[in-house]
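In the two complexes that follow, chain A is the common piece, with chain B as its partner first and chain C second.
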Partner chain A sequence: MSVRRKGPKATAIRVATYVLLVCVAVVVVFPFAVAVTTAFKRNTDIFTYPPSLVPKKEATIPAADVGLEGDPVPVYSFPDRDDRPGQWALVDGDASLAEFRPLDDLERVIVLDVKAGEKTGETISIDGEEEDVYLVDDGGAQVEAYRSRLTSGGLFVSVDDPSTSVLDLVNFATPAREFGPRFSNFTEVLAEKDPETNGKGVGRSLTNTVLVTILVVLGQIITSILGGYAFARVQFKGRSTIFLMYLGSVMIPFVVLIIPLFQLMLQVNWRDNLVALIIPFAFTAYGTFLMRQFFLGIPAEIEEAALLDGASRSTILWKVMVPLARPAIATLATFGFLYAWNSFFWPLVIINSGNPDNAVLSLTLSTLGGRSSTDTNLVFAGTVLAMTPPILVFLFAQRYFVENSASSGLK
Partner chain B sequence: MAAVTFNNISKRYKDGPKAVDDLNLEIADGEFMVLVGPSGCGKSTALRMIAGLEEISDGELRIGERVVNEVPPGDRDIAMVFQNYALYPHMTVRQNIGFALEVAKVRKDEINRRVEDAAEMLGLTEYLDRLPKALSGGQRQRVAMGRAIVRSPQVFLMDEPLSNLDAKLRVQMRSDIIQLQARLGTTMVYVTHDQVEAMTMGHRVAVMRKGVLQQVAPPQELYLRPANLFVAAFIGSPAMNLITADVTIEGDDVFVSFGGHRLRISAKALDRYPGLRERNGTKVIFGLRPEHFAMEEDLEVGDDQVLTVRCDLAEAMGAEVHIHAVVDVPPPAVDGAPIAAEDDPEALVAGTKVIARVDGIHTIAMGQDVRLAVKTHLTHFFDPASGAPLR
Partner chain C sequence: MGLRDRGPRTPRVAVDTGVQLVTAWHLVGVAAGIVSMLLASRSGDDALPAVIKLFMQVFSIAVTVAHLAAAYGTFRRMRRARTVSLVTNYLLFVVSGSALLHQLGAFTGIGKFGTGLNKAFLPFMVIVVGLLWVLVAGQLLSKNPLAAGPNGLRRAGWGLAALASVWFVIAADPSGMLSMIGDRITQPLTLGTLAVALCSGAATRFMWQRRVAVRFGTSAAEEQTLSGLAFLSPNLIGFTFFFAGPLLFSLVVSFFEWKTTGTGRSFVGIDNYVRALSLDISSSDVANAGNEVLKPGYQVLMHLDWFGQNWVLGARDVEFWISLRNIAIFLVLAVPASVLPALVLSSILASRLPGMKVFRAIYFIPSVAGVIGVAIIWGQLFQSTVGWINYLILRAGEILPFVDPPAEGHPWVSSNSTALLSMVVVFAWMNFGFNTVLYLAGHQSIPKELYEAADIDGANVWQVFRRITVPQLRNTTFYVLITTSILALQLFDIVWILSTPEPGGPNNATTTPVLALYEEAFQGNNQGYASALAWVLFLIIFGFTFAQFRQQKDGATSGGVS
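For the complex of A and B:
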């Protein structure tokens, strides 16, 4: 590294720069992080307050810990009750309970076993109903109360001390939560479309998109290499005119082409067919231009040397020029990939019969996340699935962007 | 191996002057021919025409007995080394050297054997599996050579192959190439703008200027008997001093005078340039190589063969000192004279620059007057209008 400027002022500037960069990075990364974590959440876990980036599930402990057999038992806590510290396992969610309301405070509820309390024999009139008065235990003290309701609730056993147990309504307890990503979001969203299993049919669309993208990228690479090489190195009549026309087509916005292209697809009967997503996009003027410029930058001597070595045009192209053009090809492939992967409007127009077998990812995601969507977690899982390949492609291709090997064989 | 023959070859570019004009040149089988000249003289074009990289506008080119005007480069059985080496950057040294054989569908083990032989010859064996970018300039140069020799072609073509090397390496590669050519005995056409390379390497040297061949001769003859003013000025470093001078003949003695100086010319010079006798009372261009001077104390000559000049600059080179001075005559303005006078109108006013090369033991200060003895028997004379030698 070169010698850097020193001194307090330079240090302050550097610190400020990094602080600013970190802030911007956080702002940029945060929505992405929300999307990724939401993809692993339960649907009930998404709109909790306070919001959390960590996907959580309701905590359980093995049944054996509280002297039971069978499935793990859920764990709750009573944050409002100082007399019930720690965590409590719900060993029986269907215990018979009785709600008592003390006569001196009818708003308060005391939950006890259905057999608890002794009738005093007196009665009291509540809202025009005659109710028996019971003497019940209220945290050690005996109070007079009437039994307002018989219900079922939970039998909780202290996790710390299994010999202690309390009865209470389950919704008076707060379920304890622990880290728990829900991977089945992904299997559900990928599964075949089926209301029974909650399958969303993204898998089929993903396959279609992968197919379309691979073919579009391959087509673009091959046609751009051939066209770019011809425009760069082969002498033929009208070369610059054709090239200018070709390049000029870049200036035409795609929206202008949609209706003619649609008509064309109707004529060749490709409506609602994946071919309509591939063939029109297997040629790219931009890619041809990119390859041409790159080929022009490769010293003519390398090609002349190959010519003298007896290589034919096609040998020169595929064995000498193409390996040297890897950075340009990687760039082209990345752009082609992103374009094909993300394209939405044209598929929306041409894959229009509602046939899910020919839908691509962008279409399926848009219906999945539509107005009537309830499965927010599945929408995000689909989004993450759709995002991952472009990110991987970019990470893989980026080293080629900076690499330029074409000049290193020369002085 | 084969001879290369140019018969009235011309190269004309669209709306441009002729790059090569009516070139007739026979390069013998096994000969080391150097094409030399300033940039734009057509030497590289001539070479590229042999290679087939340039189309021939007119004339007939033969390699051996075969007319190759319409033969594509790959079928001419020639190999070329480029100025920038033009190695394939994505291939290892082994693949680079073997590429031509691979294209020719030679068997794998045969390719390996020949590549290894070539690498051995060039001392590249340990670099065979490296990429060109991991090699030094000299090594890349040798890979380019290896790529040429592995095919055992009829003719080697070299386009300024040493110009990207540093001075020391250049000297070494120069002798390596001479030895290689001598060992292989393959016809070699070597293009350079460096007249030192031309002089040291070629069996014969072809000097070109503006697309026209000036002289083809063995190096020493080129130096001693230049065919015209251009060759005289181009060959030799520092260049020959060319001074416009008046000739007077008094009996058997010939005198040249210029800018207030007067020198008596030895009769030996007259034997070599008999045409000078007919120039009494006219102007000629008088050519003196820098080594035709010596300090007066080193060379016993008569007073009338001493030139007194003021030293403008003294370059001590160790073994010798180069004394730069100016004599008070306009520099020759004839076509072919050194470029300085053509490009720089100021130079016309400033007089003619003279460089003298004297023994290195002398210490000469700037501004000092020096007395230079002139070996007048070695001098050259040219016609001031045509630049032709007065032989």
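For the complex of A and C:
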């Protein structure tokens, strides 16, 4: 395009181009950023408004900072009497307090120590009850008020200046929050399924997924190499017919096969077993084409030389062709990995007993993160764990992947 | 290169003695085939489903006939007999070998192996890393793929894997598995299968030898066919059992009323298809008339108001028709939403400005991340009270005058009007990057001269895009549209996770054909009817695929389809 031009107009176009690209990149990356940060959050932290990308915990300061001993002291944030925002450490959560309401504004509450205020001797009738009138301190000014309630509350000390203290009701104050990732989300979600420890059994699903993925990829590589070689290099009767059938098979959507495959698995008693996720998927028409294409591109002279040398076809295949075909095998392995790792529909159909020992990641996540989801933070920790391997594989195998998804239309 | 066959040395059995043994073995096979034929056709054995019984009968007859032919042929040293004997023995070896593994619990044992693996995951990963290192070491340090690579480094990888294997075995504790195999292998049926597997395997191995081929006078072409089929066989067997067979079975089942369990299966002809596709239309005097104005068995699909007259459109399977309507709407929205951005972005990425590969990689990530995780993330983004989407719309409303955010957070996925739209957003987000890469391949085939000429003529960016890029990418666009449509027609996973309060909700606003199929087959246990739905869906998809094949055949394929 016209990007090679120079001049201010071209520069403007170039800047606009990058702005567009970055905007789209933000749209792509942002949901992942939400996922990763949510995976480190506390569950209460997820459901606060406004949403935030920073995992937070309730703030504390060491007890020694406010002249106490023992556990760290929780910090709350609320404005002081002069409406300046401040951070307050709760040094005594069970102080005796009294709520006063000024006579000129009965809606307002002044929280003071239970011993504060002086009786003026007068009384006032509130809702039919006679109440004593007190003279209380309200931010320096003395106001007339009645004591509406005795309660217990908190004695707060300013974090910045420990000599300043206020009394307030604890449930009126909002806990201050500070950066605090929760790493145990990951250990909890991986732990064995157990309502007591809140373990979600994702660890077991992860091993199952790894096992299934490795075996599917190995199976696909072996069958595709053999089949691809036969189609590319061996002249045999019926080859073109069989190849045409393979080509046609690509047109059949998997939904058509779901029910008969399910029936087949029932007959051989493979339902609810990992083998049902492996054996039927160790054969791939796509992979066979991929290997065939590659073998067709290898010069025949190499093979002929080895044949003259007295080598058998299988020796040639494994010792000569396969080492040359590494890029194609890498492509095949990448596709097989992503397919097996991410597949969901078939596991949903065939592994449905709810027994966590047989589940794979996608299935466990769909159960955990589905409609009756609790512990959203753990669900996201699991999601991040499930997404990381395919993304890493993609990033490392990009070369094979991007080039070949374009040239073979694999999906 | 000295690539000689260095297989294990076979005992040099004299060819004729060996062939006589094989003939004898085939005669045993004939006898066994007749016995199993009788067993399979024995009446009163209701434990076996009819299909399996039929399969066993056909299989026994085939085995008997094949053995008979092979026995006669090998006895007479007929030229074709070697091929017949090889094919028979090889297939028998595969079947009996699989049966043996089945009896030993090797297949279902994979599930149990998962338990051991779970206990010993760390050593397992060390093994994997070690083996990967062996694979990669040579390539990393040497450009020549044929070179063996530095042997020390490879040996280190092997050593690591070996040590970790010992650790793995200790950690995984396979004693339970071994004792189970020990128990099972001593059972008579298992021993019999083992004997069949061993005999057919040995016979195959013997007959495969070149000196036997010479003795039978096998032609070079025949030898080629045998070795071709041998190479293809693992693939072909899988293809037959897990693709072609099931495909046929699916078609058969779609003409039956079929339950998972043996009872309640009956042939119903094309009834399943009729039921799925039946529509009835009727005029009515009142708006919103109910089912009573339709034929019995039909339910109201929608109300229409044509030329001042109220019409009621009814269907026998309302949910399926609703799902067809939903998927049509979805297709119309989601396909352009995932293709148009790809067209524009690929045109920029094709320009070879610095950093384009980074953007390409970023855009591609959603399509590899796994649909379940993606759907879970978007579920949180769409959340009505604390979700980012509503929050960002609210903030945008503060800055931009034309954005009018609703007072309360909009419930994206649980509102009838926006549920399907939410699915469109997720689908487009997942797929536009993949389409961008498909388009990039198309860009490579646009002649550079066109752009140079446009540059000289002083065309602006829009003109170049409109007059050169878009027309030149016509074939790619067609290909991308078709593949995306085929993907969109099979929408299931996103809906399964995101829709509330039940899959396909609210009020069937997000029901899709695949979801309807799933519910019929696995929740309603109507597998025959669900198969018919699958074939209806296949025919719709096939329309798209066929269009693509026509296009590929007609035009030059700049769609990058090789």
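The working rule: the second predicted complex is superposed on the first by the 369 of 411 C-alpha atoms of A that agree within 3 Å, B and C clash if a C-alpha of one lies under 4 Å from a C-alpha of the other, contacts with A are read in each partner's own complex, and residues count from 1 in each chain.
Going forward, a residue touches a chain if its C-beta (ideal position, glycine included) is under 8 Å from a C-beta of that chain, and two chains touch if they have at least 3 such contacts.
Everything quoted here is computed from the prediction, not taken from an experiment.
**Q** Answer with first, second, both or neither: which of chain B and chain C does A:R399 touch in the superposed model?
**A** Touch status of A:R399: no partner.
**Q** Just to be sure I read the superposition right, which of the two partners does A:L324 touch: chain B = first, chain C = second, or both, or neither?
**A** Touch partners of A:L324: chain B and chain C.
**Q** Applying the touch criterion given at the start, work out whether A:D309 contacts chain B, chain C, both or neither, answering first, second, both or neither.
**A** In the superposition, A:D309 touches chain B and chain C alike.
**Q** Should A:L226 be classified as contacting the first partner (chain B), the second (chain C), both, or neither?
**A** Touch partner of A:L226: chain C, not chain B.
**Q** So in the superposed three-chain picture, is A:E301 touching just chain B, just chain C, both, or none of them (first/second/both/neither)?
**A** After superposition on chain A, A:E301 lies in contact with chain B alone.
**Q** If you count the residues of chain A that each partner touches, which comes out higher, chain B or chain C?
**A** C
**Q** Between chain B (first) and chain C (second), which, if any, makes contact with A:K119: first, second, both or neither?
**A** So A:K119 meets neither chain B nor chain C here.
**Q** Output the chain A positions appearing in both contact lists, the one against chain B and the one against chain C.
**A** Shared contact residues on chain A: 305-306, 309-312, 315, 320, 323-324, 405-409, 411.
**Q** Chain A touches which residues of chain B in the complex?
**A** Against chain A, chain B makes touches at 51-53, 72-75, 78-80, 82-90, 99-100, 103-104, 131-133, 137, 140, 147, 151, 164.
**Q** Mind pulling up the chain A residues that touch chain B in the complex?
**A** For this pair, the touching residues of chain A are 299, 301-302, 304-312, 315, 320, 323-324, 405-411.
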